[in-house]
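One chain, chain A, appears in both complexes that follow, with chain B as partner in the first and chain C in the second.
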Partner chain A sequence: MTVSAAPRRKLRFHIRPIAAICLAVVLFWAAIALFAPLLVHYPVGDMVSYDYFGPMSKEYWLGTDYLGRDIYSRLIVGARYTIGIAFVGLILAALIGITLGLFAAAFGGLFDTILSRAIDTFVGIPNLLLALVIVAGGGSSIPILVFAITIIFFPGCYRFTRSMAINVNALDFIAAARARGEGHFYVMIHEILPNIVGPIMADLGLRFVHIILLLSGLSFLGLGVQPPFADWGAMVRENMIGISYGSPAVVVPSLALASLALAINLLIDNLPQRIRDQLE
Partner chain B sequence: MNKRILEMIGGRLAIAILSLFLVSLAVFFITELLPGDTAQELLGQAVTTEAAAQLRETLGLDRPAILRYFEWIFGLLTGDLGYSHVSDRPVANLVAERLPNSLTLAAITMAITIPLALGLGIFAAIWKGSIFDRAISSAAIMLVSFPEFMIATLLVMWLSVYMQWLPALSFIPATADFRTIVLAFIMPVSVLVFGSCSQMIRLSRAAIADAMATPYVEMAMLKGASRSRMVLRHALPNAVAPIVNSVALSMSGLLGGVIIVETVFNYPGLAKLMVDGVSTRDMPLIQTCSMIFCGFYLVLITAADIIAILSNPRLR
Partner chain C sequence: MTIHSKTVGETLVKVEDLKVTATTDSGRKIEILKGVSFDVRRGEVLALIGESGSGKTTIALSLLAYARSGCHFSGGRVLLNGKDLMTLSEKERQKLRGNTVSYVPQSAAASFNPSKKIMDQVVEVAEIHGILDKAAARQKAIGLFRSLSLPSPDTIGDRYPHQVSGGQLQRLAAAMALIGDPELVVFDEPTTALDVTTQIEVLKAFKSAILDRGMTGVYVSHDLAVVAQISDRIIVLKDGEVQEAGETEQIVGAPAHPYTQALISAFEPVEAEPAGSRPASSAVLEMRDVVAGYGNVKSDGKPHIVAVDGVSLTLQRGHSLGVIGESGCGKSTLLRVAAGLLPAASGDCVLDGRPLRPQVDARGKDELRKMQIVFQLADTALNPAQTVGNIIGRPLTFYHGMKGEARDSRVIELLDMVRMPAQFRHRLPRELSGGQRQRVNLARALAAKPDVLLCDEITSALDTVVAAKVLELLKELQRELQLSYLFVSHDIHTVQSLCDEVMVMFGGRKLETFAAADLHAEARHPYTKLLASSLPTLDPTWLDNLKQDPELVRKFAHA
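Moving on, here comes the complex of A and B:
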């Protein structure tokens, strides 16, 4: 009898077709946001046509808006604002939330209690309301928007990470690691984190949808990205009068927003069962 | 009602009051400490530093923030809601005009959303895996993905502009008859129901589905209980706590929806007042409105917690 090496373990995921389509949509918008400057036809603030609320044409692919600006170019750059601001805010919120969550779970005790209590304060303020308060205090600029998103969304990341990490922290291999003398930091980074990273990523995906909806809601109220620049929410706001002309100017950014949000939600809903089980 | 329940309820109330205090700190210091200055804002861009300093002194803005915080919170507790310098009127008057309108809108919405969403969620869980369940779940995930302002603009486009059935704005004249009032409410309420029901449907479906997977429901099934008895008698009572929590959680979304909807339809409510206040940076108005909203929100969350405690059969 010959001894052969154990077969390499493969992570075999069954990927559903709908998940593949959704992933394609998400990557499409990500690419648009990334390469926006190469794709625009006209500078975003330029009034290029005398025909306001013009129809779709060869020159202006998606028509013109209420000032005769090219909607296609504004949509492309709008993707950059919507996705870019949301993404930076998400990364900051995730860094703060996950770090604090791991600390709370690994150290426990009074540290955990005080931190959790303090962070719960922010949960007592509804999201859009807190955003309004922050924008009222700091005025609307891109750093303030990123700051608002970070403040609003890190408590959720914290709570999610903490609850996942506490479950893992109670398992035997953590006790084993501590028994062989590993420090808190080693346990956090090398033992707990790798075991909860999947569900955390899925949770961040869902949070990203909430962020883009919040951000575009804020812009829709006129308190987000300021003219002449516009994200998708601001584009809907500024072209509201166009509704009565049946102009694509209102519909196009709405559809862009809905397609991105729906794609992310469906993608996470159709993740491989292994990750979904952990998520619940 | 035993001592343990009373203790738990007392604990919840204490936490709610502590939260409200922390929220008031957060609201006050976020609006006060971030860069930006009321005096500067009131006088416009081309103001001299002396004039701004003068006004700041008149308004009392030159005193330490912590002192002004305690004055503000003491005022709120004794019914003095502050003075709006932008509109030159007491905040209490502004709020008194608008608050009933917002409460009406929210009450109508909740009266429709809660039974509708819970009904759909529960039936989806009962017939888990059926076409009905899949249709409801897909619709819920779509509604979660669509921003309220998009639903609102598409409805206006369809019902007001093309069909011309409903008014696009919800301004209700004092002399309006019943029919006008109902017509004005249809679209704002629909948008809010669409916006706030999806979360509730998803969570209540999950809660019932969880309860249906427990050994005691299986036991009931083996005893030969009917499907409706299994759900109503065994699963539902144990799912009350998560369901009530899902309702409370959706309230945060509902408030966000109210802010958007009042703006789209130009509805004269408190949220519209606050959004206008943010544009003009009317700090006393913003602070007071925030506290009113957070107060209502905390009352609802706490009420949900207390109902969840009372519904737990193990505590009875």
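Moving on, here comes the complex of A and C:
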């Protein structure tokens, strides 16, 4: 008997134009963050011009800030901080949240009740307040920021995963697997997870936007990335007075922030129908 | 018979070359109706019959000038009283619906608003169209309730939908459709979701209402026997095309088209082998005084809601035991108890002479292997994210430690066993038809090399012809592999054609067990007789000649 190879599966997704544009924007910022050191013109902290709040020019593409530093270079390195910290925080939060969510759905019963109520207590504290407390306690450093994001965002991931997983857990193929004698871990990884991974990815995308906004909020309050380095939120704050001079220094990081947040949101709103169906 | 004395008048509806096209998410166009033409004359009931996906509901909805979302009319005409419905504006269509043409849905339970009283919903149609004022509409509704033989017609309208039974709700939905004195009533599988004993009551009510009012109707169903009772003419559909059209007697008695012949022959029950032809060898599965249910266990040792109450059964090796009963009788719960998915509150389950633990977690791998459960809905019983090869291969790895090439070639053998080509192992469940999914479902259970298969209504969701093929397959597998089936079903025909023994359940209790061939014997329990006599036959006069003890019906039927 000849055993034929599996045919390659075509992804039959119908991609909408707006989703393609948004994906391009997201990938653009991701590439900028990845290759930042190759793209900068001047060291981030260096005061390169005597002209503060300078206009866009050949030398300084996006103008200069309140200390005469190059906005272009700071924006690119800022992308690294904003996207990098948010991304690492998201991954950690997702790992913890998804794992616990699957556990809660697969084991159910008392375990689920206790875990869910315990995690609900985190949800009761406002995000920014919790972040302020953590940063106030631990000092502002990148690990502390990542830690704060993880703590703040894993309950949401947990609840989302749990609710999706509980729906799948009630289907007959799970009963079939349990009747076969499969353990909880097999059911979690092989039976439940593949069926909820699409919606979870979409949910994580939205959470990423929230993280970026929270991070920028912290930086705006001066509790985020510390000078001379700056993420986008910090750049907006330090150049705030520039707005009355018509300087690009405050507009550019705001636009960067808005473009990324908007692109991710629109991308998720326009995901292929197949993933959206699972979401609803 | 009264139906033929009806005066059949001029043509009311004329459907000409109707085409409906659906557009999928990826932009692909599928033709659901490929040019269907037929007439409905005034005063007759026309039945549309076919398998799922044959386009029968699409046709029915087009008579209301309605296409489901994603579908659109792509050609042809639907003439009602000479007016083309396709050319009407949305406003004119709204005027038509409920007024000139009305609709009785398949699931009345899903069609009633649970937070409004029934009467308000029934008279709503008349109010919207301004046909009657409120008091007159109420009077008329009560008259309709009476003619549909609903209990306490004067007050039933003051109840909420959850306070009446499923059969009553279905008749109330018919009253809702009739209140505007429509010229055409479209019935969309109105009795499919009902139990057989309830179905009789509803069918009788529908039939007498149709005769009294000289109604013109289009009756959509997949059940030829039901249709034979109620319709004057039948149109047989398949894949959006008319296969055969004719008088009911001709279609049922002397079908001309091969597809209709296949439908009819799939319907006729295969006579069971006479009892005792296969001697009982030894018991493979025994259940003794099993009590199971849901909710916390009360002080008397029984669960809060008892679903199975002290049931005992014995399944002989190589035999099939059919468990029949109506919805809610505890038959599926019994299977879940046997599989260990719902631990019994008390009682024993003995497999091969060795007692089993109640919970699935506490049972040994080999004990689990010997008994496999097959679920009713293959759509949800197969993981949509796994290929057929992985679905069937998992029990091979899990129970027999098979890997790689050996596993793959065994998967191909198993697919072959359920009459499917080897290439199908690369497909996902959504790329299979309903019958194919059920075969994969079966192949997964067979992969474990079980002794006992627990089958939970496995042919109920399938079309008649497909179900007959699956039953045939089950019989062959039993002969080849010496399997024993515990076969749960609500359909006596199915159980009779497959099983050696039949057990009847009612309200969580076992009523009796007997050899399948003795179903019609005198000594049967009255409820068994009621069940057997409630099953429609292809004889168009069956419903009119049916005599059932009203006392018995009141006691056992949920109508």
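Note that in this section the second predicted complex is superposed on the first by the 269 of 280 C-alpha atoms of A that agree within 3 Å, B and C clash if a C-alpha of one lies under 4 Å from a C-alpha of the other, contacts with A are read in each partner's own complex, and residues count from 1 in each chain.
Definition applied: a residue touches a chain if its C-beta (ideal position, glycine included) is under 8 Å from a C-beta of that chain, and two chains touch if they have at least 3 such contacts.
As the structure is a prediction and not an experimental result, all values here were calculated from the model.
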*If you stack the two complexes on chain A, which partner ends up touching A:Phe122: first (chain B), second (chain C), both, or neither?*
first
*Figure out whether A:Ile134 sits in contact with chain B (first) or chain C (second), or with both, or with neither.*
first
*For A:Val250, decide between first (touching chain B), second (touching chain C), both and neither.*
first
*asked:* Just to be sure I read the superposition right, which of the two partners does A:Gly233 touch: chain B = first, chain C = second, or both, or neither?
replied: first
*More residues of chain A are touched by which partner: chain B or chain C?*
B
_Looking at A:Tyr158 after the superposition, I want to know if it touches chain B, chain C, both of them or none. Which is it: first, second, both, neither?_
neither
*Name the contact category of A:Glu191: first (chain B only), second (chain C only), both, or neither.*
second
*With the two structures laid over each other on chain A, which partner does A:Asp172 touch: chain B (first), chain C (second), both, or neither?*
second
_Touching both chain C and chain B, counted on chain A across the two superposed complexes_ = none
*State the interface residues of chain C toward chain A in the complex, per the touch definition above.*
25-27, 339-341, 360, 363, 365, 368, 372-373, 375-377, 380-387, 389, 394-395, 398-399, 405, 408-409, 412, 422-423, 426, 444, 448
*Considering the complex alone, what residue numbers of chain B touch chain A?*
19-20, 22-23, 25-27, 30-36, 141-142, 144-150, 153-154, 156-157, 161, 206, 251-253, 255-256, 259-260, 263, 274-275, 277-279, 281, 283, 286, 290, 293-294, 297-298, 301
_Interface residues, chain A side, partner chain B - complex_ = 118, 120-122, 124-129, 132-139, 144, 209, 213-214, 216-217, 220-223, 233, 236-237, 240, 243-244, 246, 250-251, 254, 257-258, 261-262, 264-266, 269, 280
*Complex contacts: residues of chain A adjacent to chain C*: 1, 3-4, 6-7, 12-14, 171-173, 175-176, 178-182, 190-191, 194-195, 272-274
